[in-house]
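Labels run A, B, C, D, E and F following the written order; every chain starts at residue 1.
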């Protein structure tokens, strides 16, 4: 018996699992126990708003329908336990990557990108990470919680080692974190300058890249709907143009994190995230 | 290849199609073309908020898990065309009812209940409708639009005939509508008084009943999150107690309509709708 | 040259000045210099929301179109000067009342009702005032400002003298104000009990009555959109029923004050004020 | 009998019809039947907020009072019927333009600019249109609705013919629309570059120009209060500077559309629209 | 050197530590790491809003100034660690109670009332607790977190033993919790009935009482600003009247918890909490 | 008896009065009598949000803890009387400055900066003022109120005389104010250009400088949370960079005014103000 209802899918994510080049899924986790805030609503809001988005990018003259994307729905988060959630993300990412497909996670708080990076490092031993963010996320431990969103890059570095992670746009953190970043990462604080050169190097080596995008790299004038807004970020157009510079990279997985729709009642932040994701997908994979 | 993600289901709606006694689905339709407002967000918001709800009703000493409910996801609305949406609802309702299961629609605007009533009248020729609402919904035509939410009961009457529909709580409409209602419906304006007696009559006859609940029957102090709030409605506790009076009825289908989460930023309206639905399910089916 | 545009009028206020029995006007004044808050937006919001209101009251079986109402637009407030605004209200009220018509002011903050009462007392020397409010409004002076909304009834008493003002619903004020009220007013604190008996006395004497309604007499659960909400007020239905008890009174003028639409984003407060005004007009004048 | 109340007029719009060079009116239409959202509130919000605006532009060293503007109030929209509303706009525009005055419409959704363009093309057969927008608005039909805001420029092209419309700032639409625009319009996608050269050509020919401004040409960081926000737009200062480049053009009519005050609770979008309109009026007509 | 600035104190809380009968302090803790939501803002919002409150209760004909209250400011919460925060509350409560004064905590989430009850049980070995709440709060463990707000009464029972805690208004919880409550507490589910009789018994025995008030015992129509709203609660007036029934009890400590100002943008919830606290203080201590 | 509670202090403002180099205090005044809006909430919101701020500036490689700051709490505003409030600010500023410390006021509306400038001019006879603002604030009288926020710079000029005040970023005012500014101030309208040169001159002379920052100098895209937003302002990064150009100046006092948290529900405006203040403190004093 076939019913006619179905769940909302991300715009254009109409491929089957078998045909899919990219597998999108939501990770609606924000680690709080209240039913109201915040990033947990990111994936659902993005799917909903994507319906109003054009399938066509006039900037790139390409269509989302040129890609084969499967929308695998959402992970069901074990509320309150970040470690279990990271394990879930790791497991999901592993299944997708081992099938030769590109995992694309819609967050959710940034902490859980750790699960994705853990999985990708297993499948691609020489993995590199490109990281856009306002915050260093390099604290070994934050408020008694070793797996908070303030630590995700530190733990990724524990897995990948020195100079495998390139951080861009960072403008907030402790002095020790900035020092650590200068020593152990490819570190480009404050804005997205230097990306083009860094990307050129990776292209030569054809290295596999995981792209983790914390949306708060944007100035909060453009994206107020995020958990820890940090003034002084890049404009939307600057970010979009930098994404285009990544075309041609061997991106094997990616995530787009920290959209918190309830903090922006105008709905603009969610619309921005949808448009940006369209441009990312078309620039990197079409 | 089995992925571990899935879509959010209504609390306790964990049964398979085959096992289900009740089949729940969303009808996220509000007839506007903008991406923002209003009742279209009802089903998703209810699923999300249901996670925070207790499975147990202390009023009835019963559990939602005592019921076998299948969550069939959402209809994909043909945006802007109410007639196509009504057809979709009719088709979906027919499939569920013909399989001997109880269809339960989460709205969405009230206009589309017409599709459900059309289907139910085919399966159950002696169908009765119990209708809770603030508005008569009896206009043959409203603003050039014969299928608006202001007309749904009129069209249901065209199908079912005189005195097959019992309307309760009505406190707004035109004089002609109130006159029509007195002549052609079992009409109980202003509040929910008279329900017990009406229900007693139906029980004796064991007649099949469709229950259509426009949430604006509640006073907007209790439910501000609805499209056309009408002061002077019933309290939550009054409504809950009246629901309990319906226990024992042969309810063969139902809907809960006109929740508009964006109009209530406190989230309370959605929480109320979830709790009320739990009590309805446990009172009528457990 | 006749253009086809016009300004929004209150629902059904389609009479000309000459034909009108009732003359409605807005007094969009809240004494602040900022462009954003609060009661100043009351009249415009009520006109706008009245479009969605039914013309017909099913409670009274009467239509707003049975009344001849002229909508005279809004006073242009001299921002920041409450005394000039009160003079303006006095002048406007005088013109309407001297023409034998009933002035109906949509507020705006309660302080400016003083202008209306001043004018009405000139035209009707044996005027009585019925006053619904949460607050005593009996302070001779409030925060260096003798004409604030906390003083309006005190100044009305200076004009009318002892026992000419009946206050209902009062539940906040200083001890001295409560003592003063018990000595000098017909005082019915906490709720609307005693209205029926008071009204009966006025009817026997056929005395002219000015009805000043501060909407905060309602519990803020029903009307959050007001400047100084005071928990413990009456329900909407109680207020509506009490209004019906005033039918047959010789009401020669009235106002409905302190709606502050920006404080209730659901829009419910404004809808309530519109419906309540319809019931007041139909109960008192149709 | 003269009452002292009046309706709020746009700042400085104090001229009589006979003296007026420019006739401003509101078109509060957004095609939805709900009482709450969206662009319908644009004109009233702009009039209200204009009170707080300075009459003087320090950029241009000119005053709004140097212009003779008549505020004709608002069209009363036939709710739900876009074709009747467009006819109303056409009729109104015709009356104003035939009297030798400049019509200035405050929207309202962009679809109804079609009425204005229809009228202007009758009065000025060699009319040109300058169009600022985020969206192509070139679909012959959108969601079964041939007169939606997604089609207005297509229908304008049907009237005016090839290369009579110049579109700037466009960054969203279907591939077919972008192709059509390149073939049939003077098309300047993504930003406002090329305006100066285009304007220079029109000045030489002294051609009459209708300026239709969809405010969503701005980046939503500057104007979140609009119906279909599209990230990647121009800044406020860039738009203002481009407006100055239009000084000296023979602008015979104009509109400013798609302000939706409820989507920006800070009120900033409305303030921006007011200031921008002041600069437009002073740059083009003073 | 004495500066003239000072911190906002609760209305009338002007006594010194030495003179104080009651010591009020804030516990702005909600266990989340984000900077935005929720109950953490309760104490500051209550102090601020209390400025607008009348010092005089017309219901009781008493003044807040009749009491000697010291406002000790706020505890500085160790963000993220509920056990440390509970210890802090215990320590603070102990210091106050051992000095023979009445501790009054403004929450903050309900979990931390455990610290207060722990301290009070040390000072008053035969302590009784009166508990108003919508939720049982009787789970031994909730989401891996033994000290969450869902467990506070269970842990209080571990300290005090059987039948020492009287719970009123409870309408949500698991079946096991309701069974436990019936066996081990004086349990009055759903509303506040039975309070008068229970209080009479305590008065005879002159037993010391700690009163813990979770504001969500109110229906969310009256208090939308709380973390886990539960429809079907008591009205404000019912709660106020029940408080008056507690007059004459030997209340040795109390708290008022779970106000979450950000969830109610109208500000009404905070105003209600302030007024309610005034009535509690005057009814129990003046 | 030492209790363990305390009031929230600004991040890092942990010095005692004796040790402090800088004394911070709040001036929560906005001149309205309502309990809800606006700038009055600025100081409390900044203290609260500062907790989430990093102590470290990666731009300047300095820590807030390098400074000795004493947080003196808030002035208690005499509600409604701006002249008394200005006197209070003057008195407070005098006490701080005469003790050889730097007063830092968190506003509050801009009008009250007059009190600070009055005091500083007594202590430092050759005082200069650097003024960032969107508005001239040069009206001798505004709406019958000589001490409104629209007049503060005019009154400061009366004290200091010609060419002692440098205004930057001004883009709104009357023609007479712009003319006055050109004649009597060092006037840099529209943006912050010219600051570097102006500052260089002051450094040579080692003149004492009071820095008064009206946050509305920023474009409202960056700071919607302010009382009179004026489009066309500077970006956050531009403002931050200009602040760095002031390093080395002899700044003897400062204020940061017109943050109005309730107008920006995303919280971003408050976060921006906190970060900006950190950069100001570190650039000017560390």
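Side notes on the structure shown:
The rule we apply is simple: contacts are C-beta pairs under 8 Å (C-beta built on N, C-alpha and C of every residue); 3 or more make two chains touch, one makes a residue touch a chain.
Note that the coordinates shown come from a computational prediction; the quantities given were computed from them, not determined experimentally.
Between B-E and the choices A-B, A-F or C-D, the pair with more than half the same contact pairs by residue number is A-F. Looking at which positions face the partner, chain B and chain C present mostly different ones, since fewer than half of the interface numbers are shared. A centroid comparison over C-alpha atoms places E as the chain most distant from chain D.
Per-chain Cα centroids separate chain B from chain F by 56 Å. For this pair, chain C with chain F, the centres built from the Cα atoms lie 42 Å apart. Among the residues of chain A, those touching two or more other chains are numbered 35-36, 52, 79, 219, 221, 228, 263, 265, 267, 271. On the chain E side of its complex with chain F, the touching residues are 1, 3-8, 17, 23, 25-26, 35-36, 41, 44, 48-49, 51-52, 72-76, 79, 88, 91-92, 95-96, 99, 265, 267, 271. Touching chain A in their complex are the following residues of chain F: 52, 54-56, 58-59, 61, 63, 219, 221-222, 235-237, 240, 265-268, 271-272, 275-276. By the touch criterion given at the top, residues 170-175, 178, 189-190, 219-221, 224-225, 228-232, 263-265 of chain E touch chain B in their complex.
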